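Same chain, two partners: chain A is paired with chain B first, then with chain C.
Moving on, here comes the complex of A and B:
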């Protein structure tokens, strides 16, 4: 059931990689910020956490846009490496800032989704997971629409495939790059908001998710949007199956082994692209 | 329409354009000739803004555009069909065209502009759902032309449109170019070609480039009949 949200949290990473050609090491922290946004939103408004999604998406979109257009773009002429270091720096900065602002205590979102379980035939479904799943599907559909049916989306794809040719089509690739990064950050935040009621929230929670994200993204193929959702689903299956037989920690070890194996055996991801 | 005044351009410290001065009038069809590595591609890239001019000035429709970013020049009507076509391989034919159409300032309806392109390139219509990366070389060249056409440019620049294509396909590419010119008397054309004969047949004037400089210029007839020039610079 969590496959969808694993897809949502990873698809931003793959989108950013597709356009900027860099792994965003701050992606886990974007998710962490999304979780905190939801936490404070629920504390102050007592509303259902799902309503915080719009807030965390907006906050992280603005932060992502600002970070790319004001900082990353300044070093982008020197190639990828300085940009990668900047995302690492941002990751450290954000988790430390969170600790200074909100302390290192674990926080739990005070009202959660109703923790009822309902039954569909023989399958029993935990209500929060069903809500998360539905939202993830909705977001996947929304993202598909955005990327394929709007001019901005087509410009993002064109820029990812050939930035110079995209400029020849009249695309302002500086703007498209900033929007792509912002969108990626917003998607991570949305995933954080969806997961917030299920996990304890603390400043370094991002590092817990970043390994999952990278594994999902290499599994689906770097830069492959559909692949991120397929990868997310596969990883969630691996985790839930392994949690039946072994402990969750071992499940994570298994994910890490998969990560290495994919990098060695199928660096293009499991699903090759269709152009010969 | 287009004016270059002593334009210099560099790759790092390598000077690739050396004080290029040229003038192209509205509605003209001009070709740029010269062997490989002489700076023809760089010249077109500098005009469209993919490369900065380190010194000199570029004027278009009377405006100094030397500092404009590429996308702004494109939106103002300068279009380049780049060397090697550069279609977006993982986008469908139609989406390739829509990316280009989305940025036209004319505000013509998308459907109309798509139909205009399809009427000149019926092959593209048949393949419109196919990924551009799966098209043949000739079809990709048509798509690259179609992308530029849909921008309704005032200045259309083509970089070696016949490169790597079979002779019969080259013929149909030039047929398409002539079709594009029909009914568009205002359209200005700048074509880079290695194939001297084809190029001069389809242009009224030409420039010859050698090591980043313009070494000869004249009408197509003059260039065609200048045997010394052909021997020395063009190797034919």
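Moving on, here comes the complex of A and C:
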């Protein structure tokens, strides 16, 4: 059930990698900020956390756009190392800023339906998981539409495939890059908002998810949008199946070992086309 | 290239500083030890990360290998850490060779991510096998105050122990930079495909750099265990520590003394913020992150080079 939201959180990462060619180490912190936006939204408005999705997406879109266009773009000519370290620095900054602002205590989003379950045939479904799953599917559809049916979406895809050719065709690469980063950040925030009712929220929650997200995008093929959703579903299945046989921590260790192996043996991902 | 004069000044400064600090500001002596500790970690990282250009977020895993090997040998078999540290180094070298043979074929961001995952795997394994490692509770070394057990009641001992390891790491860097291997490593950093085309066995030299870096890091791991007499999986094989090691060398630069400057600067800075604003947890790292962004944007080849060129 969590596969869908794993997909949403990872698809932003894959989008950013596709265009910028760097792993975004601040992605977990974008997710964390999304969770906090939802928390404060629910605390102040007492509305259903679902409505906070638009807010957290907007906030992180602006932050992502600003970060890429004002900071990352300054070092984009110097290769990947300075860019990777800028995202690392941003990740350290955001998690510590969150600690300064909101403290390191765990926070729980107060929602009415967290303990509701309903039954479909023999399967009992946990209500928040069902809502998250439905929303993830909806978002996947929306993203597909954005990338394939809008001008900006097509420009993002073109830039990811061949930046020089895209520029020659009249694409404003700088803007597209910033928009891709912003969109990726917004998607992480949406995933954070979706997860907020299920997970405790604390400043370093992002570091818990970041490696899982890397695993998912590499599994699905870096830069592959559909692959991120398939990878997300696959990983959530692997984690829940392995939890039957081994303890949770060993399950994670297995997933990460699998991650290193996939990187080495099939860096194009399980479904990706072979590159170069 | 570096003149001998500069090397001599640095070495002298590093040898004199612990004694001077011990006499003048004994209450802050631990800051000097931490500075040297980070400088040594940065220097060891520099062999692979700086010279060879293979960005690793995995070095803390080797710190853990070193710390756990010497500690377990001491606790279970009464082997002195003086011996254990070399066993730990050898074990880390073997581990890095096995990992390197597979993951060093990866380029750029892919290698970064694999090293990142490696730390997490080591941490999870150390935490999982509680019957050997005592899990997340950690291992405590007995307080013996005996030099034979690499322990002492006098902090100066630890100051000079880490100074020795730091100078060893710098010497290895120096030896590499003057050797054929060093030139091959630079060639790999600048253009791996071209180096390969010219007949450099890139896989072999990258593995060599990785093994050397891991070996030195494991020695520092034994120091860490002996200094604190307490180790846990999350304090040794930790992603934040791994990232910090890389940051030290990135902020400092890739020249011989640059990671040393980076380590001293960053630890000194962290100490300053902590002393000035002790009431706000997280502030030191937030400021640290802003500073890091500034250094990367304004002086991407490191502070050392900037200082050499402007002062």
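Methods note: the second predicted complex is superposed on the first by the 270 of 276 C-alpha atoms of A that agree within 3 Å, B and C clash if a C-alpha of one lies under 4 Å from a C-alpha of the other, contacts with A are read in each partner's own complex, and residues count from 1 in each chain.
Definition applied: a contact is a pair of C-beta atoms (placed from the backbone, for glycine too) under 8 Å apart; a residue touches a chain by one contact, two chains touch by 3 or more.
Small disclaimer: the values here were computed from a predicted structure and weren't measured.
Bringing the complexes onto one copy of chain A puts chain B beside chain C with no clash. Look at A:89: by the touch rule set out above, it reaches chain C but stays clear of chain B.
In the superposition on chain A, contact is made by A:257 with chain C only, not with chain B. Within the superposed three-chain model, A:157 lies in touch with chain B and out of touch with chain C [touch as defined at top]. In the superposed model, A:167 lies in contact with chain B only, and not with chain C. Applying the stated contact rule after C-alpha superposition, one finds that A:18 touches neither chain B nor chain C. Once chain A of one complex is fitted onto chain A of the other, the partner contacts of A:49 are absent, as it touches neither chain B nor chain C.
In the overlay built on the shared chain, the residue A:97 is in contact with chain C alone; chain B does not reach it.
The partner of chain A that touches more of its residues, comparing chain B with chain C, is C.
Within the superposed three-chain model, A:231 lies out of touch with both chain B and chain C [touch as defined at top].
Minimum Cα-Cα distance between chain B and chain C in the superposed model: 16 Å. No residue of chain A lies at the contact with chain B in one complex and also at the contact with chain C in the other.
Taken together, the chain A residues at the contact with chain C in this complex read 17, 21-23, 71, 74-75, 78, 80-82, 84-86, 88-90, 92-93, 95-100, 104, 203, 207, 211, 214-215, 218, 247, 249-250, 252-253, 256-257, 259-260, 263-264, 267.
Residues 148, 151, 154-155, 157-158, 161-162, 164-173, 273-276 of chain A touch chain B in their complex.
Interface residues of chain C facing chain A in the complex, by the touch rule stated above, are 53, 55, 102-103, 105-106, 108-110, 112-114, 116-118, 120-121, 124-125, 127-128, 239-240, 243, 246-247, 250, 280-283, 285-286, 288-290, 292-293, 296-297, 300. Partner chain A is touched in their complex by these residues of chain B: 48-50, 69-71, 74-75, 79-80, 82, 86-91, 95, 98-100, 102-104, 131, 133-134, 147, 151.
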